[in-house]
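One chain, subunit A, appears in both complexes that follow, with subunit B as partner in the first and subunit C in the second.
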Partner chain A sequence: MAIAGKRRYTGGLVDVAAGQISREIFVSDEIYAEELERVFTRAWLFVGHESQIPKPGDYFVSGMGEESVILCRDREDRVHVFLNSCRHRGMKVCRYDEGNTPVFTCPYHGWSYATDGKLVGVPYFREAYHSKLDRSQFGLVEVAQLEIYKGTVWATWDPSAPSFLEYLGEFRRYLDLALDAWDGREGGTEVLGGVQKWLIPCNWKFPAENFSGDSYHNISHRSVDLVGIGPSGSGRRDMRERLIGRRLQICFPDRGHQTGAYVLPNEEPTPPAYQHSPVVSEYFRRCEEQRRERLGAWGRVTGAPGELFPNTALHPRQPRSIAVWHPRGAHRTEVWRWYLVDADAPPEVKDFLRQYYIRYSGPAGLTEQDDMENWNYAHAASRGTIARRHPYSYEQGLGFEVENYEWEGLRIPGTVMDVTDSKSSEHNLRNFYRRWAQFMDANSWDELATWRRRP
Partner chain B sequence: MINVRTLEPGTRVALTDGSTVEIVSNPKDGIWVFARYLSSPRDTSLVGTEEMVFAQDMVEIQTTP
Partner chain C sequence: MADQREAMAQLFLERDVENFLYHEAELLDERRYEEWLDLLADDVRYWMPMRRNVKLGELEREFTREGQDVNWFDEGKDTLERRVQQILTGVHWAEEPLSRICHMISNVQLLAVTPSVLEPADVTVKSRFLIYRNRVETETDILVGKREDGLRRVDGHWKISRRKVVLDQSVLLSKNLTFFF
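On to the complex of A and B.
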């Protein structure tokens, strides 16, 4: 069945054509329960990074929707993602954030699982179960599909979901902007330090929307720009490419992914950055030069914030990071942010970036605090009976998007809105909610994989 | 009562069924250890095999390494 016309969400609560979206989808507990089932059990979700579990027995406890999951490497070096819940009575079998272990043992009744998920220890197996329990049927629940892409680990509970690469489609090239080394070599990034985790009193779609491409809210960050927390002491970031290139918002309507990007002119080098440290500045100058040589015309594209549907945010340039918006009820979001660096960058570069990253992002980061304040109060002020009657406006740039966008000989994949002159657009935001509505309305991946039906 | 978390490899422990095992490794979860059977009046075929042994089945430390 094609996804078209007015359904409960598509054309109803989420009226993308009119640029209006009901507040109910942010504040309704009933809709929240529905999206856990229809979005979070079917989509591909970010779980962690391989560099967090380098050795057999290493594990990292992550989340998929509201579910706690264990990302681990078994004794045979295979990577798994398991539901962190004992098959006997549901207790968490791992209550640490990360570590190394030969087994995950439930502290409630003592059932114990190997790192490949097999149930290996059942107290009183001979005596109480009379050796009758079929232990092979009670291993840890494992995700239906898992993909390791350039070090990042992704998983879905849905066996009928397309492969991760098919799920990405052409958005893969923009994900690569965050995962490839700064000089354009494939992969080569690692997680810097630990994962920052904190709670925000708002619906998870507020930050997801923001990272989809809301540049309209830049006024909120004016104080940070004035303070000058950027790596050269001016603004928030050193992104002077915005002064010489085209500023784009790019989305993929059939996938629900979207991002910002800058395209530099043919003959212009990437402007200098990180001048507060000569070593760091020289490192990035050399990387940018090599990147142009290695990638050719595509090396003119630099990344900006984006969102891989549904709840993974990409920040590919400054500060380079991945965030997951874990839903914790309709009115609360738990943010987890991973910071990425080139694995082979000199220690001085890593240390400089670590300090810049925490100055910018995370619960104490100046820029992220601005955002959290907005989401917090927007959510709270949208919960009332009167407030719910009035939809939000998403009309910016409606009808001005372009297919097959090209600039100075470089075609840009995706549906593009050039906001160099218009300053802002809600094009990418509409794309996020269009896809969200499709997930909420569709009964299966047969309906969601619309690209498979093209002639 | 034995504090299972402190048992080092090589420690010999008596079990409730009269068996004796030697600790091979300890995941230190306080519930299980990996151990080799040295004797088992219940099932002599267990001798020499390695199994996970439950904390509640361990009654006495016989020797330590």
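On to the complex of A and C.
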């Protein structure tokens, strides 16, 4: 549907056509409360990875929006996501981060829930309730829809939301870049032990837009590039494909997902990376070779940071990870970062990647540290009465997007901006906010599932 | 007599190790990062696990594992040197302008000495830290926890051969870890 006219957000506070976005959407407490409802209860959110709960009774406490949820595997091996709040008086039924349990027993008055969410224990059921409480009505609140995609677990509170695969649309191919094994086999990744969790004083949309494709912020990382932490010793990454391929920004206007990517020339092998040790470089050399064989022309595409709407960031290549920007009020974000490796990679390769990941990303990561400083003070300096009157500029590349982009015989799905020569564009960022504004204005998924209305 | 000699040596060693830790804190707080690096053995391991909330009885899962899991830090001297170089580029925005940092070190306990207190070559020392960081205008972090260090005698000086940092937080309350523990 063409969104015509001015609604509060679309064409109002978020004026994508003009490339201007009001600071209010970042700093207003009132808008924040509205987005918890309109964005976070309706979108699909990343919850965790199946490899975190391999056995029946295993659980991992995660979050959706501001709220705590329990990801667990029941006795019949089915995976569930429940709101972590007792139906009696709201107590958090699980205050551990992970573990294995036959039941979740509420610490307050002792209601207990099986791992399939059913209320199975009520103290003084006969005496105090005269056996009248209908226990079947008081199971843990479960998400409306859940999908396990190549090991990753996604959920939404909205029963009317499209299925996860429909929500993904063609962006699926780019999500696969993060979830398939390095040699192109489907799935095949697992998460390393330990999920990093930390707080940043900024609105969650600062990191979300950064991962959407802020190709302009290289100066942020000048210090790490000078020092060099790339696996081959220089820069911050190790991606020679940058030098020979096309650098693209790709987005899906009807879905709100976007990513960067590189496309290699036809016939050109993927340049060697990770020349750090014979075992590691040989592993990646072999994987790249097999990937090209397995995937054909699509094997020429390699991933770069992306954002799956609204708050899941993908780092498909270096360092391979998934981050969730959990909103914690308008002015604070709690980041959770999971790191991925090929499940069957040799231990030396996993160990090498693990060390590289943590010196790159997270609060101790030499790269991510500088991002967070910028998000922190960009947010802080945007809160003032005068500051709020002046919208941010998102005008890079306005009007230069290309549909049906093709290079050397390979068509790239999505709306594409080739930034090889222009260096940077903000079209992925505009795409993120266009979708965000649609979520804020739309009253139902009927309005949001625009692709269903195409002739 | 021998007992007393050993007790004296123990006292002397404790003071010596304490002084070393205070000196180290001084170098960090005075931003003499390169001199600080000289206190680290070339094969130093610098490890700070993350922590989980787990049930009593499953406490072995409380800490992420060195050399296996994702940790806050799990690195050697090379990466630590790069951290120092990064601060000294003058464009490491997370430490530019520099933070004001104060390390309070206390509860120093010698846990092990080899081969003996009379001829200490390696010691294991545990301490508490309270790190105050203030930067830009009002941004303030207070980080509290324990350290367990391996110190090694090299040419008549102590070098840090191992540092385990146990921060008493689960979700990290600071936006970054651009300083040293």
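Rule of thumb we're sticking to: the second predicted complex is superposed on the first by the 452 of 455 C-alpha atoms of A that agree within 3 Å, B and C clash if a C-alpha of one lies under 4 Å from a C-alpha of the other, contacts with A are read in each partner's own complex, and residues count from 1 in each chain.
Basically, a contact is a pair of C-beta atoms (placed from the backbone, for glycine too) under 8 Å apart; a residue touches a chain by one contact, two chains touch by 3 or more.
Just so we're clear, the structure is a prediction, and the values are computed from it rather than from any experiment.
Within the superposed three-chain model, A:P102 lies in touch with subunit B and out of touch with subunit C [touch as defined at top]. In the superposed model, A:G121 lies in contact with subunit B only, and not with subunit C. Using the contact criterion defined above for the overlaid structures, shared-chain residue A:Y377 touches subunit C, although it does not reach subunit B. Contact with subunit C, but none with subunit B, is seen for A:V227 once the two complexes are overlaid on the shared chain. In the superposition on chain A, A:R78 makes contact with neither subunit B nor subunit C. Counting the residues of subunit A touched by each of subunit B and subunit C gives the higher count for C. Contacts of A:R8 after superposition on the shared chain: neither subunit B nor subunit C is touched.
Look at A:R452: by the touch rule set out above, it reaches neither subunit B nor subunit C. No residue of subunit A lies at the contact with subunit B in one complex and also at the contact with subunit C in the other. Listing the residues of subunit A that touch subunit B in their complex gives 101-103, 105, 107, 110, 112, 120-121, 123-124.
Residues of subunit A that touch subunit C in their complex: 95-99, 192-201, 220, 222-224, 226-229, 334, 339, 351, 354-355, 357-359, 362-364, 366, 368-370, 372-374, 376-377. Contact residues on subunit C toward subunit A in their complex (touch as defined above): 48, 50, 52-55, 58, 61, 64-65, 67-75, 79, 82-83, 85-86, 89, 91-94, 136, 139, 170-178.
Against subunit A, the residues of subunit B that register as touching in their complex are 25, 27, 29-32, 34, 52, 54-56.
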